[in-house]
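Working notes, structure below.
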Amino acid sequence: MVAAVEITNVSKSYGDVEVLINASLVVEAGTTLGLIGPSGAGKSTLLRCINHLETIDSGTIKVHGEMVGYRREGNRLFELGHSEIARRRAGIEMVFQHFNLFPHMTAIENVMAGPVYVKGVGKGEARAVAMEHLRAVAVENRADFYPSELSGGQQQRVGIARALAMDPTVILLDEPTSSLDPALVGEVLDTMSELSGRGITMLVVTHAIGFARSSCDDVAIMVDGGIIEQGPPGDVLVNPKEERSRVFLRRVIG
Amino acid sequence: MKTAESLGSESSAPVFTEPRRYGRWASAAGVLLLSYLIAKSFYTNPFIEHSVIGEYLFHPVILGGVWVTITLAVTAMVLATVLGVILGLMSRSSNPVLTGINRAYIAFFRAVPLLVQILIWGNLSLFFQRLTLTIPFTSITLIDLDTNDVMTTFVAGALGLGLHQAARMSEVVRAGINSVGRGQFDAALSLGMQRRQVTFLVVLPQAMRVIVPPAGNEFISVLKATSLIFVIAGGDLLTNAQNIAATNLRVLELLTVASIWYLAMVAIATAGQRLLERRYSKGYSGDQTSTSPIRMAVQKVSAWLQR
Amino acid sequence: MRRSRRTLIALLAVFLIVSACGDDAAAPQAATDALPPATEAMNGELNALLPDDIRAAGAIKAGGPVTEIPAVYLEEDAVTRTGYMTDLVNAVGGLLGVEIEFTDMPFASLIPGLQRGSIDMTLTISDKNTHHEVLDFVDYLGNGLGILVAAGNPNGFDSLESLCGHTVAALAGSVAVGVVTEANESCADPMEIKQFPGISYAQLAVRSGQAEATFGPGATLGYVSANLEDGTVFEVAPGGPYTVQPDAFAFLKGNDELRDAVQAALQRLVDDGTAARILEKYGVDPGDLYNPIPINVTE
């Protein structure tokens, strides 16, 4: 069976700074993987390379067996044109640390935007579906409010609804609770846990170790641009193989 | 035990009271007094003949000038905005040909004085006697026109003003686009939107908040810059007023007539700008209460009347 | 209470500053290019005619633009004033025993300048009877109007009527505009009259084809047709001269002493032939000189 996300020996530099060094990661379809590690390890960058918001210098990234940003001709990889990349992004959605809701649209318009403009769904039908998604994340009573009128937790849940409205097979979550008030983190984590039970492939960059332990099928530790451990949370968090993992875990868990 | 005459009731909570703003009332009175004195000195000036102002305020030549000024300014501004958006988007392209064109355009059209640009368009036939569009390597002619037939004063003025203004608008648009956070691009792209959709559905609507105020300023500049068509015998408001004054020597009176009309046009343009600003601020929180002195005065008076 | 007192003092200060500022935004640049003319020595009799304040100041302030070829314009160094009006007024000043202080001002500033006294006379406003409510004119040259066309006169213009149905350029607000507008009323096929701010723009329009002819003062048209690129570009159409647009020095009404002094000096220049010589130097026909020098001849 083809893995949902397959990252093989990916490297990337910004000028002289090496951000990703031979990073490799496999996420099986339908599972939830928590990606943890110290700040600056390259976790967000790796995530953004998966849906080609960032380019890579070497290695390959495949989503359901297909590369998002490149095509292969013999031994060479060429970056694809923008419209083709946009098409390939269709099944991959992202939830952001700073929510990135469209401020000039209401909550429901945000959720409708993808289906209406990318998939060409009619506005009436899209509105009904969007309402369902908002109900699923418990924000339906705020459907006609603007993002500026919502709390952080509500905005992030709208962000999740917006991603879900596109019926993705893979959802990438980039530190989804890091910008939230501690009191609001719980409601978003609950939403995410509920999602992971539905069979969508989820890749979550997070600092919430508790979530990684309780809701993830796999956990990967990333340090200094590379993945040093990957496995079920019971193994990685309790009995890590690498010394650097132990150092990191000692700091966050104690 | 307090008596009934004592101040304040012991049973009710203190009431929130607006402070008596003596400083504000005094400064308001001062400003009004100053305005009155300035207006009075204009009104009682022996060199200004008020009947002449009244006589020419709705004179057909003046009204014709107002019409030319408005239509020319609006046409030029529409041209400038469309071209400015295209140029502004070009400036953010990764294609060096596009950024090069953008830079060359701005460098040229911002530098050459507007007067010269209008003069050249108006006398374009000195350079190109006919305007033709042919398909290269064939003898098929799509367009063949006499330059002087095409270049009326209106067309020349609109081109001169519009192309010059497009260079300025391009920078305004660029600033607007830059003001939209990177995260907005990320979110729109990750939804699978094509780049054109990202530009027109997500980025430009947000950029408008930053674009509208300086664009409003630019429009008002264009309204006044229309007077430069005097150099190609154009008939805008200021030129017509000055031409009348050249015949009857009533220079100050005619300029006052022109100024009154400019004040009216700019006031309407400003009101339109405020409406646009409000429309593009949907969804943005922030203190929206206006401190317009007229509205507050009306509120105070009606509150006082209702007492 | 302290806050409102400070506010009142600030307001008072602003008020005082505003009222202390005079009406002048900027003083006119007084370019003293008056050359002592080599023609006539100072004449005590004429000098006595001047009003006291001018005699005391030793100068007459004259205003006008510097773009009226060949009347008032700049030499190639772009600094020295020349032209027949310039030379004439300098000769007048020499006779009266005063300097002429020139100020470069556009048309719109001339009347306000006279009214507030920053200039005493204007050089380039032609005599028009509608102006006589406000100004007195000392006329010296009966400048007839003419039609300027491209060399070869392709449209064959020879009269005002022949301009019907064509595009005519004229100098904004001049007598010429009035004349050609009036002629337009009896045209079956109307003229399109375009008003330009100066002769340079009007002749550019004729060259580019935006206009088919220019209607304006004969002296100017003659000079342009004879001198531009050795006379190969323009020519004066036959059938002139039309209405006269007299060259004159203009004074604010009521300024009789200065007006009469200038008139007397001009008369002297006509009588001894100096005026004729000055005009000939610029290719203007001295036969158009008025003799005697009238006041408000278009009344």
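Residue numbering begins at 1 within each chain, and the chains themselves are lettered A, B and C in the order written.
FYI, contacts are C-beta pairs under 8 Å (C-beta built on N, C-alpha and C of every residue); 3 or more make two chains touch, one makes a residue touch a chain.
What you see is a predicted model; the values in this text were computed from it and never measured.
Note on connectivity: the fewest chain-to-chain touch steps from chain B to chain C number 1. Greatest centre-to-centre distance from chain C is found for A, with centres as Cα means. Chain-level centrality, scored on Cα centres against the all-protein Cα centre, points to B. Ranked by C-beta contact pairs, the top pair of chains is B-C. Centres computed as Cα averages put chain B at a distance of 38 Å from chain C. For the pair chain A and chain B, the distance between mean C-alpha positions equals 45 Å. As a whole-number value, the distance joining the C-alpha centres of chain A and chain C reads 80 Å.
On chain A, the positions that touch chain B within their shared complex are 48, 51, 53, 82-83, 86-87, 89-90, 92-94, 96, 98, 100-106, 113-114, 117-118, 146-149, 162, 166, 172. Interface of chain C with chain B (complex): residues 1, 3-4, 7-8, 11, 14-15, 18-19, 107-112, 115-116, 128, 130-131, 134-135, 169, 172-174, 177-178, 194-197, 201, 204-205, 207-211.
Chain contact summary for the complex, chain B toward chain C: residues 22-23, 26-27, 30-31, 33-34, 37-38, 47, 119, 122-126, 129, 147-148, 151, 153, 230-233, 239, 242-249, 251-252, 255.
Within the complex, the chain B residues that touch chain A are 181, 183-184, 186-195, 197, 201-202, 205-206, 280, 282-285.
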